[in-house]
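Given below, in the form of structure tokens, are the structures.
The following pair of complexes shares a single chain, chain A, combined with chain B in the former and chain C in the latter.
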Partner chain A sequence: MVELAAAVLIATGTLFFIAGTVGLLRFPDIFCRLHALTKADGLGLALIALGAALLAGTPGAVFRIVLIWFFVATASATCGHLVARYARQSGAGGGAP
Partner chain B sequence: MTTFLSLTLIALLLSILAGLVRIFRGPEPAERMLAAQLFGTAAVAILLVLSQLMAMPALLDVAMVFALLAAITLVAFVVLASRGVR
Partner chain C sequence: MTDPLMIFDLLLALAIVALAVASLSVRDLFSMIVLFIIFGLLSALAWVRLSAPDVALAEAAIGTGVTGALLLKTLHHLRYVSGTLGQQTALGVTPVAPVPMGIILANAGFCGLITLGLLVAFLGAPATGPGFDALVAEAMPQSGVEHPVTGVLLNFRAYDTLMEVVVLLAAVIAVWQIERGLSDAPAPVMGEVWQGFARLALPAIVVVGTYLLWVGAEAPGGAFQGGAVLAAVGLLLLLTRAYIPQPAHRGVARGAFVLGTAAFALVAILVAGGGRVAFEYPLEHAKTLILLIEGVVTLSIAVTLAALFHGREPVALSEGGRHDT
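And then the complex of A and B:
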């Protein structure tokens, strides 16, 4: 039962990763690509981390997985804002954001 | 379960491969760096799945290093590019 839940979570997370990559390839400008990448990938990684935490047996492994998720979520949000501000100030987005 | 986790790994690797297309085409340096951020996140996800597939908890530490280094890479790019360094 736990394995089934973990499999469903990991499969959903992988689907979100694929959606984020398709958005990175197909969206027209850098702000749309940023939107696809940071949010879809963040959710995909959170779901995969949840599935891996269900599969992991020891409390230490679960703690490290939660720590990894926290690092990636914080870094992804910060880097998204940094890249968006850089693109707006340097005019790289091609038009008004 | 092993087959399923292997298929997940292949899908995540294909996602990285598609990100390489954006690095090849992407007109701005910032968009190439976005693809690099995708690589960091996907590498963390791959290592999380791989640590369960191979029953190697040490891979979680590798994933943690990846998560921290990907953030530092992007911050360094933004700082250097706003100073005009190419």
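And then the complex of A and C:
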């Protein structure tokens, strides 16, 4: 039962990652791409981390997964912000605000 | 019946080779670095699949994280000295400085020789067999630690590890020699969000790096992985300008560079005598000595890698004005 729930969560998370990647490849400018990537991947990551935490055996492992989720999430949000900030300041966005 | 993991491994191997080809053939330096970083991450994954988590950690932390940061910093510096900083034009391989054909051929020759040597070694090695697993497992009680990789690295083959630390020391000495005349490229302004993230991440990195060092005694981890993670602290401090290297700090920095090599060599020599040879730790103190060496080496590695990222000796003359070529 727990394995099934974990599998469903991880599969759903993977779908979000695929959606984010499609957005990265298909969207016209850097801001739309970032929008697709950061949001979809953020959710995908959370779902995969949740699935992995369900499968983890010990509280210590769950704690590590939570830590990894937290820092990857904040790091990718910060990276998205930095890329957008640089693009906006240098005018690389291609006509976006 | 095909194993699903077999398909995954094949795809992974194909992706690694494709990324290696792509990062060598792409003409834009930034794309090249990004491709190299992804190549490193997938290599780390490949090491995990080969049941070598220690190598995977080292590849991810040093081969990908620190090396990627070094390459990006170098690109920033190249853009600065070539006057293309802030321009949108991609910086290609050619305009920076044409490499003489002889050097390319010599490099290709040496790389080819190494590949050939590896191929010969691979073909000469027994395809199946127990390897050294049994020997190491048998000798583990004498190593003082529980993790076989740490036992091999810090005890059975400690001389090799000492040489790795010496290589890092030599690298930082060379960098401090050759970059004397160049001035720093201006640090990019990163904004408040980044500053906040750095403030959040800094203490966590310190904990993770120390944890990696400590856990090395019984699980994957150790001095190089911990040192590389701790070097990220230096990188963050340098990038946020929370720490600006001063010429007056050179003495401390030099001490930190040499500390690891010196302490390692000193312990190795001091344990000799009374029937023991160098690097043969007395069993009752083995774990203490290994942890001592690892701790000191970790510190040295962290400071050295951070200094390599900074890239040059902080000399007084650069403070006044530009001294770039």
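Assume the second predicted complex is superposed on the first by the 96 of 97 C-alpha atoms of A that agree within 3 Å, B and C clash if a C-alpha of one lies under 4 Å from a C-alpha of the other, contacts with A are read in each partner's own complex, and residues count from 1 in each chain.
Here is the rule we go by: a contact is a pair of C-beta atoms (placed from the backbone, for glycine too) under 8 Å apart; a residue touches a chain by one contact, two chains touch by 3 or more.
None of the values given here were measured: they were computed from a predicted structure.
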Which of chain B and chain C A:L25 touches, first, second, both or neither: first
First (chain B), second (chain C), both or neither touched by A:S90: both
Which of chain B and chain C A:T14 touches, first, second, both or neither: first
Partner chain(s) touched by A:F71 [first = chain B, second = chain C, both, neither]: both
Which of chain B and chain C A:L82 touches, first, second, both or neither: both
Winner by number of chain A residues touched, once chain B and chain C are compared: B
On chain A, the residue positions that both chain B and chain C contact, one per complex: 67, 71, 74-75, 78, 82, 90, 92
Chain A residues touching chain C - in the complex, by the definition given at the top: 67, 71, 74-75, 78, 81-82, 85, 90-92
List of chain A residues in touch with chain B within their complex: 3, 7, 10-11, 13-14, 17-18, 20-22, 24-25, 30, 33-34, 37, 41-42, 44-45, 48-49, 52, 55-56, 58, 60-61, 64-65, 67-68, 71-72, 74-76, 78-79, 82-83, 86-87, 89-90, 92
Residues of chain B touching chain A in the complex: 1, 4-5, 8, 11-12, 14-15, 18-19, 21-22, 28, 30-31, 33-35, 37-38, 41-42, 44-45, 48-49, 51-52, 57, 60-61, 63-64, 67-68, 70-71, 74-75, 78, 81-82
Of chain C, residues touching chain A in the complex: 86, 88, 190-191, 193-194, 197, 200-201, 204
